[in-house]
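Pasting the structures in now, so scroll down.
Note that subunit A is present in both complexes that follow, paired respectively with subunit B and with subunit C.
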Partner chain A sequence: MTETAIQGIITGVLMGMIYALIALGISIIFGVMNVVNFAHGDFVMFSMYLSYVLGTALVWDAVQTPLLTFPILLIFGLIVYYLIIDRTLRQLYVVQLAATVGLQIMMRAAALVIWRGQPRALQYSFIQGNFEIFGFQVLTSRFVAAVISLIFIAAVAYFMNKTWAGAAMRAASDDLDAATLMGVNYHRTYALTFALGSALTAIAGGLLMSFQQTDPVGGIRFGFLSWCVLALAGLGSIPGLIAAGAIVGVAESLQVTFFNPQGRLLAVYAIFILVLWLKPRGLFGRK
Partner chain B sequence: MKRPKLLNSKNIAILVVLAIAIVLPLFLRTNQYVLFLATTVLLYAVLASAWNIIGGMAGQLDLGAAAYVGLGAFTTGTLLIRFNLTPWVGMFIGALLAMGIATLIGIPLFGFKVKEVWYALSSSALVEVFRAIFMMWNKVGGPTERYLPFSAEGPRSWYLMRFNTYVPYFYIMLALLVVVFIINHRIRYSKLGYSLLALGEDEDAVEVLGVDSRLCKLKALMIYSFVAGLVGGVYGCIYGYLHPSFFSTDMSLEVVILGIVGGMGVTYGPLLAAIFLVSFREYLRASLSGMFPGKGLEGLYLMVYALILIVVALFQPRGIAPLIKRGFLKLKSFVGVK
Partner chain C sequence: MQVKGLHSGYGKVPILHDVSFHIDERETVAVIGPNGAGKSTLLKTIAGLVKLTSGELYFDGHNITGTSPDQLVRLGIALVPEGGRPFANMSVIDNLRMGAYSKREVLKTGVLDELFEIFPRLKERAKQMARTLSGGERQMLAIARGLVSRPKMIMLDEPSLGLAPNLVDEIYEKICALRNELGLTVLLIEQNTNYALELASRCYVLENGRIVMEGSSAEMSGSEHIKKHYLGL
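Then we have the complex of A and B:
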């Protein structure tokens, strides 16, 4: 019993790191631009399909595919920003949300048309298998994915704190007018933020493809999971994001282990609602 | 501003459309497909008009329509299967249940000032959560369809609300639409309506003026969920079975699209949008089903929907209703009527 629980916790924490990486994308977009990208989960789904296409065409391993999907998603993010997001910045927020909801439907629909709505998976990745720590089984693929996620989260933190572009993003987040006066071109900063946030899903997509399949509806689930992580973490705290990712991952994994795997979203939803009611700014939020 | 009379020139135009709608089934009697299409259009128009109260007026992007529809359908259907209670009563119990659950969720949600994206997320997750619950709850739902009892002829068929033809469903939906229109019209020009409209623009300013925004939003949510629950009861009877797939995110999204494309806060907007978009969807389904096997076709019309939604959001955020109004006025001046 305890052993099963610990086993579930280990799997959950490792999965949680990927959720944290996905949530980091919406966190910087929401935090810097105050724009809600409802389609973020579908960006993940889209990257997974892209990984599948590239992985089968080039006979690459899933873990390698982000080398190509990252730049593709970066460009895709730029296009989406200039075509859609940039025009909704001054609109009522319902309209803004509606535009990204449209984007979400569009991406899911494209996946339905192109891949007929069938789930797709790649060949077994070379990081499959498992190893043992203190008598507990750890899946190598999850472990590698978690480590890579953490590396990228750290890289983004470095970028935000130590580079000029990162400083511009944080300045635009704190006070847009003051930042503009200091010579920050906010259109360009926003475009970069949105592209970076979208491109992070490419990493997550490649890692997820190494051990699971993708289907068009998966985007809704990833979107909800990552918003839940963000609600738990609050804005502006990267350690908080990692902790929140772990909490959500563990909740999901324990629900699957001890109750019904079909209701895997129930535990996450319960956390989401409780956090919204009791701690609307998240457990670790800065603002 | 006083509430305009219910019988002004615009509403008379609507009444004329209504009269056409009432005689329509008499001519379409032989063509069940067209009748089914018309019923579906009305069903979505009812849902989108109800959404208009919380989404269009109060500016809360509610993505939970299918949750209330599903609850209504399951309550009505289960009462019929288990206790042989007629759907004519059951649908009201289902609507009350949907409203009760919406209220239970709404009180803390609005009380703790959950708004904007968080409200949209929690309502859209509600649909998925209910689907998961009903998938696991084998006594009521479960992964296999539960068929409702059927009787082809006579009073028994009326008691079960199951018919051979779509004509009765068409009239039920039409009646619901009229009721929702009147509710919309009355709210639009009441204190509640003005509060909701102002809420949609700037919530803090409304609070400063002494409006209890929580109570207003809660009222809007209650009306909306009640109507969606009612529609759900009939929805189950139209399809003749119960399945957790009734809790469908696509349905919620479609309702929102109709509401926004039609024009937020405009009473007749959703009906216009439903007439255009839903019949367009069914046309695609009928004409292209051979070319796109599997779920490809579903994707195709979703794509068109999404494109329309994005274009409307970017270039015509007030919806298509103002365009039609302008066209109507031009036509009027062209004909020479004042």
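Then we have the complex of A and C:
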């Protein structure tokens, strides 16, 4: 019993790091631009398909594919920003909502048209098997994915805190008018924020494809999961985001281990609702 | 600095009507007027935050009509907005660095050390988040942030707003010392007419989006209109 639980917790924490990475994208977009991108989960789905296509065509391992999907998603994010998001900034909130929900539906439909309904997976990964820590089994692919996720989360934190572009993003997040006075061109800062947030899904997509398959409707799950993580974490705390990712991952994993795997999101939503009810600003956030 | 026939407003709501005035180099000019007269809009229009509908702006011999905020910083104009508005979730030092965002080379000139000498309290709190500062410290931070880019002209929007009287004295002493030390041109907007008249050599009165009076501070202090409506005498 306890051993199964610990096993579940290990799996959950590792998975949670990928959730934290996905949520980081949604967090910087929401935090800096005050834009809710409802299509974020579908960006993950799209990235997973891209990883599938490139991995199959080039005979690459899933973990390598972000080398190409990262720049592709950066450009995709820029296009979506200038084509859609930039035009909704000064509009009613409902316009923004319709735009990103519409994008979500469009992406899902496009995936259905291109790849049909059946799930796709990459055939082979050179990251195989598992290893043992204190008698507990750890899947190597999950472990590698968690480590890479943490590295990229740290890289984004460094970017936000140590570069001029990152400072502009933080300043725009705090006070757009004051940032404009300093000479920050917010269209450009927002475009970079959106592109970066989108490109993080490319990393996550590649990592996910190293141990699971993708299907056209899978995006909605990642979208909801990342919202749960963000709601738990609150805005502006990277350690909080990692902790929240772990909590969500563990909740999901324990639900699968002990209850019904079909309802794997049930425990996650229960926590989500509880946190929104008791601490609407998140467990670790500032705003 | 010269403003000619400026009209400006938000969307379809006109705020400023045919506003013209000038500030000489190293002069301190105050614009006073009641709440809602368009004082803040005037500064925001000069700083490029609000688009003007017609009129022309000149600074240092350049036509700066419609220039973007980053170019204005490079030309040497800085605005300290109403309430200071430092970046609350950034540290004091990061706030100051943001002041150099459009003119990064100034950071190599030791400007931060100079400002820390003038504002020792900001140095003590360099690593603290701006949101943890007191009201007076925030205003100091905002002024310092405006000065990082080594502007020729600084525009101050109600630096006394919301501060206790002893803090207002302190802020104005600092502004006065800075102006004299750095040879700044100052455009001051203030509801607190006493302070404005004391700091400025000349003064314009803005009412309902129009300039209704102008003159030296001494003339203004003697004017019946000013005495009655602004100084409460």
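Just a few scattered comments:
Assume the second predicted complex is superposed on the first by the 287 of 287 C-alpha atoms of A that agree within 3 Å, B and C clash if a C-alpha of one lies under 4 Å from a C-alpha of the other, contacts with A are read in each partner's own complex, and residues count from 1 in each chain.
FYI, a contact is a pair of C-beta atoms (placed from the backbone, for glycine too) under 8 Å apart; a residue touches a chain by one contact, two chains touch by 3 or more.
These numbers were taken from a predicted model, which means no experiment stands behind them.
Once chain A of one complex is fitted onto chain A of the other, the partner contacts of A:157 are absent, as it touches neither subunit B nor subunit C. When the shared chain is aligned, subunit C comes close enough to touch A:185, but subunit B does not.
By the touch criterion defined above, A:138 reaches neither subunit B nor subunit C. Counting the residues of subunit A touched by each of subunit B and subunit C gives the higher count for B.
When the two structures are aligned on the shared chain, A:167 is found in touch with subunit C, with no touch to subunit B.
Of the two partner chains placed by superposition, only subunit C is touched by A:175; subunit B is not.
Look at A:283: by the touch rule set out above, it reaches neither subunit B nor subunit C. In the superposition on chain A, no contact is made by A:254 with either subunit B or subunit C.
Residue overlap on subunit A between its contacts with subunit B in one complex and with subunit C in the other: absent.
Taken in their complex, subunit C has these residues touching subunit A: 47, 49, 68-74, 78-79, 81, 85-90, 94, 97-99, 101-104, 145.
Contacts from subunit B toward subunit A in the complex involve residues 55, 59, 61, 63, 108-109, 112-114, 116-118, 120-122, 124-125, 128-129, 132-133, 135-136, 200-201, 249, 253, 256-257, 260, 264, 292-296, 298-303, 305-307, 309-310, 312-314, 317. Only residues 36, 38, 84, 87-88, 91-99, 101-106, 108-113, 116-118, 216, 220-221, 224, 227, 231, 260, 262-266, 269, 272-273, 276-278, 280 of subunit A touch subunit B when the two sit together in their complex.
On subunit A, the positions that touch subunit C within their shared complex are 164, 167-168, 170-171, 173-175, 177-185, 236, 286.
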